[in-house]
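First chain A sits with chain B, and in the next complex the same chain sits with chain C.
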Partner chain A sequence: MAIAIWQAVREWRPMRGSVGEPRGRGQGGIRWRRGVVKTPTGAAGLVMVTALLVLSVAGPVFWSGAARAMNTEAIMLGSSSAHPLGTDALGRDILARLLVATRLSALTAVGSVAVGALAGIALGSLPAMLGRRAARATAALIELLLAFPPLLLMIFLGLVTGGGTGGAVIAFAGAMAPSFARLTQTLTLSVTRSDYVASARMLGVSRPRLVVRHVLPNIAEPLLVNLSIAVGMAFMAISGLSFLGMGVRSPDYDWGQLLNEGLTRIYDTPAAALGPGVAIVFAGVAFQLLGEGAIGAQADRRPARPDDPAPILASKPSVAGGDRGSATVRAENLQVSFPAAEGVLTPVRGVNLTVAPGEILGIVGESGCGKTLTGLALTGLVPEPGVVRATRLEVLGQDPRGLSPRQARALLGRHTAMVFQNPGTAMNPVLRVGSQLAETAVVHHGMSRRAAGARAVDRLRAAAVPAPERRARQFPHQLSGGTQQRAVIAMGLMGEARLLIADEPTTALDVTVQRQVLALLRDVNSTTGASIVLVSHDIAVVAETCHRVVVMYAGLVVEDLPVDVLRSGPAHPYTRALLACALDMTGVRDRRLPTIPGRPPGPGERFPGCPFVSRCGHAGERCATEPPAMEELGRGHRVACWHPRTGAP
Partner chain B sequence: MFAARRFARLVVLLSILVTASFGLMHLVPGDPVRAALGPEATAAQVAQRTSELGLDRPLPDQFLDYLSGLPAGDLGTSLVSGQRVGDIVVAGLPNTLTLAGLAFLVVVAVAVPVGLLAAIHTRGDRHRRGALAFTSGTGLLAVVPEFVLAAGLVATFAVGLRLVPVAGAGGPDSYVLPVLSLAAAPAAMLARIVRAEALRELGQDYVRTARAKRLPARLLYVRHVLPNALTSALTICGMLIPGLVMGTVLVEKVFAWPGLGSAITESVLQKDYPVAQAMVLLLGALVLTSNLVVDLVLARLDPRPALTEA
Partner chain C sequence: MRSLTLREITVRLDAGRRAFTALDRVSLHVARGSVVGLVGESGSGKSTLGRAVVGLAPLTSGRVLLDGQDVTPGRRRRRSGPGLGIQMVLQDSYSALDPQLTIGRTLDEARQAALLRPATLAAQSAGELLELVGLDHALAAVRPGTLSGGQRQRVALARALASRPEVLILDEVTSALDASVQSAIINLLRDLRGTLGLTMLVIGHNLAAVRHLADSVAVMYAGQIVETAPTERLIGDPRHPYTKALLGAVPRLNGSVSPGAPDPDGANSPGKLPGEPPDPHVPLPGCRFHPQCPVGPLAVPDRTICTTHDPRTDARLRPHQTACHFAA
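Entry: the complex of A and B
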């Protein structure tokens, strides 16, 4: 019983927010009922509740004769076909009494919830109706009542009322009321803050009228869900009171009292106790399912599985990138797709790229172009339920998809590192910075805790973190944004990384710190010889830091070029447009800010030709119908465009 | 600062509790002494007992008496047996605390690993059937009231299989069924919550960072995910304690357990109000104090300042 009530209080929380758009009176109930039947749990609950309802009406009609018939020759009989649950001390059939007791159990449960909910809703809507001071006092009263456990309130009220059927009803109602008050208060508050209530108030609608006409209809749905669950709780709680002897008393009887009687003879006739027990659980489950079904009806639809993979696009494998044999990364036709409600999404549609040892490669593009997922796919970190496909994928000579966890730890754990954006959330909030760095060295390099801790401080120093000893002992939230980002980079420097993938490492930082962090990355590259993949939406950042740049658009690589070509004159209209935006921001201010009009195709869309065609100023007929392949323009410079540009941008 | 505010709150709540428990006997309709002594007692007997208990004195005096008795553990005298209420408490409290404490340990020891494992196996929409089985199984178990479960367990394991004693507090085996019936529903509930919290944490950025470090699964889940999932789950643990303490009232009745729960049930049935009011006071104080302890422990465990400010 205690848990039952406690749980009722708890279950209400997640539903507080589910206040819908404004609607008229009565519609909430209708929508709720339809939704419930759709979910299997809700349908099962509805069937069980209906059965209870029918039984509570019909039970006394059909079986009250058998329940009352005393038989001195059949006293305290065990289970038999005539008396499945046995007979009681007066020879009455216990099953018949159980069926008859459904009505009283249901009446007390529904009655006490009605009383408790009415009191609670009234109390909870008072703050919205009263003036500021009275509202505050009411809110404080609700807070105070909630501080006491419902069962304590229930026992207290049971004592004061002296028990009995009425006492039990009042006791449970009183235990429940504060929770209903809080629920109503929270829901009401969210509605009264909405625009339509504000406008009604401006029109001069009085506060009580506002609550009754506008607020209550809008919070009816979550209240109904909670009422359903509360009725289930009431069945169990009032049975519990009767079981203790504090509720329904002889000559009346409910399930709890029958359980109490049955328990005294659990040795010879366990069925006499189990029957009422099953009935109580049945009622509890019925209303719980109904309530959960109503919650489930609001949940999302099930998304489709990616069993229909997008076809691998025909495009030529990479020919640039220098020495093919020893490349740090080689990806051909890399695709990443996700299941979604509206079909399979493919944010990465076929990327070719190569990273040479010691090279800093920039991946640049607008947000949503697939650059981050490309970085994650290289290290086998695409989140579930994403699927990675490629005709060829090699990182440090191995395909990360085929590695066992142990091999992945040995290869990727030791030799690759990721630096994520949002350094504030990228570190574990409850672990100290130093120990988060040190664990890599302990796990992958077999260092002792002490040695790893010392290395962590050393690496923080290498990443130009001021006062590294002190920082190592602090928690992430105690560091500034720039220091957090340095610490995350230092994390990537713990091992002997040969490949560092940095995803927007400077986005959250101001310009000065941004420059320092980029200088740090270049420094790491020149001192350790590690290859770096720098993922950024900022072409200026990439141009400043990288040796070579890959431009992505709508999940495809549109241009792959050395950084000096990027400065002197890229060939793809999209690259040139990106550059124009960046130049304008750093240079001349009096011109209108050039943005690229239109938007790229979404990850679920298919397009027959060039993805950029709708935003391109140089598009011809062919661009809309035929996808351009990557063609070599110069040394290490390839572009996928039917009309490549030449000359300075 | 946080601790001081919480402590002040506790003091306010406790003083309300003390006043309410004192008021209990005076709120009862009719004469409590007459109700306790029964209809056969003469008017003189009732009057004598009333003056013995000091119930004929002015209300403020009685309240002051009540208050001054509390620090010394003087909770009054039973109307029925004439026993000092303090003695009843001393006899019953250890039994109740052992029961509730063991149940709490079982809840945490079972629910946390089960919830975490369930989260790991059903993350990212894997094993949809397993997730459904887990939520419906725990959901069902969570709504079974402890006294019904206790009756079922007694019928099966004590009466049917004769594995453990039917009732009473004795050897270790006598604890099995009471603790089990007390712990089952909260454990199911907590396991559900731990799973939900762990699933949420698994989607956080720091988990991606930890994955990128290629930590072994044990380190990833136990060192990184678990502490974060637990800080929110611990709040729920705190809410479990009142349920467990109060649940003993019902479970003790099923198992004829010699604890405070049995004392409260008997006192109510016999209208022994001094005992009943002491029990309300004691259980209430136990719950409120344990809530404070949980709040303070939580504030200590989570280094983030946001939690303590809330």
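Entry: the complex of A and C
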């Protein structure tokens, strides 16, 4: 039993949950509670905990008579139909006593967790409430308390308080408080660093009020999950103390004490010991399952994946002229959809695009228009549970959807490369830059380490990284943001990349560095002949860098045009509006800036006509009811609009 | 509204071997009712300056004055700092609002703070504040999770305005937004300036956005201000080589490549800087820009003065208060 307590206490390790995440629809709490029921573990836990609660209320009401009734003629009996668990030394029915004891066991467990959690949360949130010096002292105190083994702490407290019901409650509370304090402290720290706490501080909100109003509500969820698990542990630990004679004492009795009484006769009447044992394990498992279920519900608030995404409107597949067979990328009616609580979301509703060899294609649009997912779909990197569909999808002559993982790796590693917005997370922080680059060559091209290392330095030089030999020996965090992004591009250049997909590669960079990285992309394109797909929200960046531009809106391509037409006279009202909104360095400074009123349709919305109709100044009746198909306007210029504009923007 | 004066603000961050000077004797004046832009790249210290002024970053030395009255944070007791007189709107609209509170309650918090101040007008209702920033009253009942980035940024602005600050600091408030939403926020800020007569310090890395708001612009590099001038003059006639690089790097719709055209960014094009920004942990004598400067000792070897003398010493004597020995 001592071992069981030891494990109960030792395994009680706080689990961290998500903190202060923005929740959808503002009813996260309700959805979360429903989510607990949805997971099988959570549902089982909930049923078991409810059973315990009912029993702890009803037990003493119905069975206390039977539990008290002594019968000198039936002492120490074994299991029988009248006494399923036998009788004790005074002839009392053990099952009745067990059911009655549920209340005291539950009260002590919940009570001690309440006391311990309260103490822990109070101690853990103190550092956030106090000044710098006092905060440091409190943090040190928490460290010190954590240094004591909880089991020792519990037995020590049990001895000091002299045992008894109250002693056991305080003993477990004292043993769990330090780890709860630590949990609260770390969770609090992440919330106090957020901007809403900073804003409240600027308004002169006092620190204790900050903690009560902003911090605690935002860490409540992970704390509650840990509370549930702690209650399970408390059942076991307090029963353990009672078993050892340090907890509940006669004439009161709880499960631990019943176990103690039963254990002495385990060889004669095993049921007398097994009954309380099973009850203790049941309670421990019940709360553990409930907690696990809650963690599961937190981690995955998504419903199950639907079998078949609903058919979606798509513009007519286009027939692009010219080099039909040799295109680097060809996508027809490309769709990406995600299952969601509100139905199927389709951020990409039917994209047609081709990338010619040696071309720099820009994909531009507002946030949420599906441009990033389109880029990911081309490399087979759409995250689960997204579904990619297309009438035709070819990247370097292969369909990324039909490839085995191994073939996909070969295609991705050798001939395509991806550059993401945040270069800091694109590299492994514990590997030196040079060895990371070399890895690519060793794995995909079978180069020797030495040759690969030399090539890495050469490629870093090609990507205009200053002092490439030195940089190759450094770790990613030692590089500035711009140099990191150049190193990521160099990684893409390790193979014979024929397609480079860059998703907002310069958004996280300063303008001076942005200019250099864009110049590098153009340079890579002209020296290696690789095609580049540049995904960006910034129409000026795209206009400066690309040969051809695809404008996306609400998951559809609305215009596909050469870059000189983008400047001289795009036809779609949305493209023209994007251009008008772009801030640049010319133009009257204090003019009122043009904006696009309204919002684009969300990925779950359906629209019968043109997606831009509600925001368009040129819309006619037809626009609201009939989707415009892509029409050829000029050489390499196609637009999906019933009323295309002409002339300079 | 009052004027904001920053005198020789120095901020040293971290301790021990990692310590570095994030801001080095920065002085700046924002006249009553005017808007000053502060531009520079990430890590130049522009956000740290805003945070230090409102007491969110520790001030090592220097003074913050509102109409000549010392409100330096941390000087006397905590409450005596700029208090509600200076409010800052932070960059990340997603973490700027407490996800657990409705918009109405977030604004109430700010309004209650304003009520505690003596000599303020009666605080506006949450509905009036929302209307002020162009939002629907009904939004007071919702939580931030349902709002778009632009709406969140408007709410953050309403919260800052609720306490009727003397000076408003805006830290990159539009940079995470789509172009159209960005323009709408800039229009809103200009309207508010007209109706409320706001004194503002606008921090941003995008000159194209800042120029639409600011009367004058200060350029920051590696924790120092290197040039200050009225917006038109700074853009039309930049003096510091770094300002020139910054202006040259702004992407333009009609300055670019066509297929097969030569790269417009030759080695000497204005947007291109050689080398990398200096390591802030290593103090550098002379001009902090010299390891990257296209007109400094890298390009002209006999310009050794750049590596020995701090150009800020005589900056007041040069046009635009330029911290450059060879300001054109």
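Quick note on the criterion: the second predicted complex is superposed on the first by the 350 of 649 C-alpha atoms of A that agree within 3 Å, B and C clash if a C-alpha of one lies under 4 Å from a C-alpha of the other, contacts with A are read in each partner's own complex, and residues count from 1 in each chain.
Everything below uses one rule, namely that a contact is a pair of C-beta atoms (placed from the backbone, for glycine too) under 8 Å apart; a residue touches a chain by one contact, two chains touch by 3 or more.
Because the structure is predicted, anything quoted here is derived from the model rather than measured.
Student: Looking at the overlay, what does A:144 touch: chain B (first), chain C (second), both, or neither?
Tutor: Only chain B; A:144 stays clear of chain C.
Student: In the overlay, answer first, second, both or neither for which of chain B and chain C A:199 touches.
Tutor: In the superposed model, A:199 contacts chain C only, not chain B.
Student: Applying the touch criterion given at the start, work out whether A:239 contacts chain B, chain C, both or neither, answering first, second, both or neither.
Tutor: The answer is first: A:239 touches chain B but not chain C.
Student: When the two structures are overlaid on chain A, which partner does A:212 contact: first (chain B), second (chain C), both, or neither?
Tutor: It touches nothing on chain B or chain C.
Student: Just checking: does A:270 make contact with chain B only, chain C only, both, or neither of them? Give me first, second, both or neither.
Tutor: The answer is first: A:270 touches chain B but not chain C.
Student: By the touch definition at the top of the document, which applies to A:135: first (chain B), second (chain C), both, or neither?
Tutor: neither
Student: Pick one for A:385: touches chain B only (first), chain C only (second), both, or neither.
Tutor: First partner only.
Student: Does chain B (first) or chain C (second) touch A:403, or do both, or does neither?
Tutor: Touch partners of A:403: none, neither chain B nor chain C.
Student: Spell out the part of chain C that touches chain A in their complex, as residue ranges.
Tutor: For chain C paired with chain A, touching residues are 41-42, 51, 54-56, 79, 83-84, 86-88, 90-92, 94-102, 106, 109-110, 113, 116, 142-146, 148-149, 156, 159-160, 163, 178-184, 186-187, 190, 205-209, 211-212, 231-232, 235, 245-259, 263, 265, 271-273, 275-277.
Student: Using the touch definition up top, name the residues of chain A that touch chain C in the complex.
Tutor: Result: residues 20-26, 28, 194-196, 198-205, 213-214, 217-218, 366-367, 466, 480-483, 510-516, 518-519, 522-523, 526, 537-541, 543-545, 547, 563-564, 567, 577-579, 581-585, 589-590, 592-596, 599 of chain A touch chain C.
Student: Under the definition above, what is the set of chain A residues touching chain B in their complex?
Tutor: 1-4, 6-7, 10, 41, 144, 147-149, 151-152, 155-156, 158-160, 162-163, 232, 236, 239-240, 243-246, 259, 262-263, 266-267, 270, 273-274, 277, 280-281, 284-285, 288, 292, 303, 379, 381, 383-385, 405, 408-409, 412-413, 417-418, 420, 422, 425-431, 439-440, 443-444, 475, 477, 488, 491
Student: Tell me, which parts of chain B touch chain A in their complex?
Tutor: 9, 13, 16-17, 20, 24, 27-29, 123-126, 136, 139-140, 142-148, 151-152, 154-155, 159-160, 166, 185-186, 189, 203-206, 208-217, 219, 223-224, 227-228, 231, 236, 239-240, 242-247, 249-250, 253-254, 264-265, 268-269, 271, 273, 276-277, 280, 283-284, 287-288, 301-305
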